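Order of writing sets the chain letters: A, B, C and D. Residues in each chain are counted from 1.
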């Protein structure tokens, strides 16, 4: 199984420079950054910086969106980063919830996510591409023919189908094995139905990991179910909390959820945390002793996860990476 | 006098990594990159990369524009680069000629250039900012209060006034001392008239430098007067080639100029080069022996230039930087 | 108080590159390497390597000796490292116990330690120097006039006097505050008696630090009292375990000590560990919870320690550095 | 053919950091440093530094000797550098002329050179090794089993035989093709006679390269025949300038040579240069226009040279490396 780390953007440049090196030495092969330019600063500058301090690690936004940048500007950034890292760049892609909503704008719809996927991949490959906002077709004369992997973030049935049909992989923001399986299966079904070869399709489970006592772990990571709660709420609202389409485990914690302020998105002092129960935090994250981590990560792998991506920025980043390097990754990958 | 280098984007990452270090060791204090994401790839990724290989050198686009990126996206990139380089980031700013025209779009007007200047400076400082395209006011919670220097590129009277009134400096794409003086004077006049303190105002003369025989130098750098010819043509068209507003030396070479294809912008195989005479190339660039460089750079300094910014990508970059480091910079700066 | 880390040499280059950056970011200002070229590989290559990954951190051997290298070779290495790090190089100096004994040779005497101190300092400064083994006087034409700080390692009364009279500081390989005070006082007394200005004299307490339960900490660090036991045994043998010259706390644990194999020097699988009691380990190291570390480090500071240098290579290096960065250093230095 | 650069030690660390990167990007695969710790500072610190700024380039002293360092100290340094560069370390080895003579000591004899070769190779591989100065056998417990390539520098018949019989390659400090062939043939003959497989034997021609007019080139590089003149004088004295053993071209310039001061060794202000004729400089170095360089390097290759190693420190290093990267290496290697 692949292991990744994911920075929200709170990390200082001084720490990021060695954390990526520590992670690379410890067996992590991916480093992701939130792409939400107002809440957590532009992520492509730190990605380019971190590339200079690593040799094999791959980087990407987790997740970018089709709305906040002109598509040729986005594709140029992606292909430029791939060029200077000798091809160590992927993207995670979503609808742009936090990025757009904090600007008072609406996220993109899924058709636009799919079209962005194909258009930026084509631009990165060096093809001549016409896209909606641009009167003239665009072609990068400097393209090195890069084949950009695109992972699509999804929770709801239609997004999962989009990921399966159009993506190289899916990003599932949850660390609960049964949910991972239920969600990933929908991607495979949609891809198969579309006649796509799904043999290399990749499934990321992205969630915080934390070590220590139950209380300490829950306190440090409860921001996560709060942050993704809005996505779950969207699904519940759309597909019905009592329908067969959505499992009870995903929706139980939504009932008490109230208005959500995106200015507090993904922060541990998020005031909208009271509806989160300890059980939900434990279910959504990977917590406890090294042995508990090993067991849950193995369950995630059995559920079809190909990459476990640890959301950092809960504190103790050096320690979490070190424990995975010393204990968890060797135990999982043998 | 400050010395800078400017990359068009043809440079490979492998070379850029050592050229910036060579330039820094040799007495250059600025490194600029063209910001034209389709013709020469995104420049912020290589800027971030180069920052990791230097200690004191400052970086920036030369030039960006107010149209191709959402303003909060642009400001987030700028402030993110400033943060991870400990404040070594400026911007050059223009109307977006090449960047926008190659997409079939129109450059921004000067009012928009001025507004962009103030709004991105405010966002970089961490202020709450409202701008046209964004329904909600924007504020970067992670801002470190960076004061972003903005250099405005100008040729025509109104652009020069905008630079003087709103910029921290002006970018003059020409290496002819008398033109530099004539252009810079218009900035100072406008700034003074607006009651602005112009004592720290900075004047960049940006042009290719090349060593060797007259023939070799002219062949290598004639792309430059061709590239900037369109700007001069705009001025001549607007202010009249026979008026007192524009000196004959700036307009003489425009007469035979015909349609210009932005896909060949700034390239030495630009087919629209036939109207360029050897005298124009010599006038616009800094060419010849080290002694000739020293003399012309001293004339530029006497004309009010505070930074001589060498446009590279004419070939022999290592050699040009080495000769400036060994001979020209010591002779000029004593 | 200054904080340092010290590598025995087990660390891989891949880890050393980020551990020094982590330590620098976390408030450590020194990184030392054992100089024992057979047991743990040459230390100057990794020092030079680590310098490239840090900006302010100082480096040095802890400790080198006057016998294993020709003095001009040693001084050339020291001055070369100072030159390329912009002056970030000190040396720790001892008699060469492990380094020489593993080769079947004898450590240097203290007069030779003192003479080496003055001769290598003079060579690093660029002076013409005559020393015993060299028929011709030696002078480095490339010297930048570096003033090399020399810390002298000492346990016994004569070594402590040598450190006080000739060194810029003393290295005390023990984390017990009362012993630090008793040992350092002897340096100050000797320096004062020799009329030397002792106001800038520096006192390093070097010992392992480890976090966790008492059992885990003792298991991980008991190699340390074993390693330094031979030094203590030397003192006890020379000055008498019942004399007033040596406090009981330093000698109690020597009684059962038997033959020591230098091939196992400083290793946790050292078989000569059975004479070490848990109380001795606790006394010589800094162990337990962050609060216990803070308390003991404050006691060391009160006892006159100017630098607490953590002997790593007990495992969990990333975690130890992180806990010092996050909890101990801020609590001690305010 | 392989290309190398060789630093005498005048280069500043700031320049060395980018020159190695420039050379690596330009097609050079080796970087050598003089090992003469008094004249030009210790070379292993800058080698370790430069390794951090390159990925594939190999490094080594050109040349070290068996006398100035204890053999286990030397082998530990070599194996430590190999370890942290992932195996990018060779050594050049000679008798220690400049290094020893400047200390008032005598160079080693050839039997000692051969024994050093085998003993340090064995120590680097991790074998238990007994050598003269060390009472106890030495074994590096940390060895990664590195197979250290040893190139032996030679001029005279016995040294050439030693290189052929014991070395992985020979270092010939001369850029004259017919001399290279005459010298290398002696290595092959000796190796064949000893029954050694010579199919991978490597031949380095090491000499300055310089571009420009004949006068400028000769002025910049005449230090080189002066520096190696002492070696040639040794041969002539030993084997007779009129014997068949030594070709006239190697000895003609020795006749007027007088006393040589090693304090001026390898320096362009060496006062012992008057016996050097322009023809000798042209013969020993590679000078002139790019076309002249290409032609002579091809002749060197035809004469059996497997690596042309450019002695730098004649000035214009950036320019020499750039011209080889742009013109000479592509023309030679196709």
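We adopt the following convention: contacts are C-beta pairs under 8 Å (C-beta built on N, C-alpha and C of every residue); 3 or more make two chains touch, one makes a residue touch a chain.
Small disclaimer: the values here were computed from a predicted structure and weren't measured.
In terms of the stated touch criterion, subunit A and subunit C have no partners in common.
With contact taken as defined at the outset, subunit A and subunit D are each touched by B, C.
Summarising the inter-chain layout, the chain whose CA centre lies farthest from the centre of subunit C is B. Subunit B is reached from subunit A by a rotation of 180°, derived from superposing Cα atoms (nearest 5).
Per-chain Cα centroids separate subunit C from subunit D by 38 Å.
Computed centre separation for the pair subunit B/subunit D is 46 angstrom, with centres defined by C-alpha atoms. The mean-CA centres of subunit B and subunit C are about 53 angstrom from one another, to the nearest whole unit. Two chains count as a pair here when they touch; such pairs are A-B, A-C, B-D, C-D.
Interface residues of subunit A facing subunit B in the complex, by the touch rule stated above, are 9-10, 13, 37-49, 51-53, 68-70, 72-73, 76-77, 79-81, 83-84, 102-105, 134-136, 138-142, 263. Listed in rising order, the residues of subunit D touching subunit B in the complex are 12, 14-15, 17-19, 21-22, 25, 316, 318-319, 321-323.
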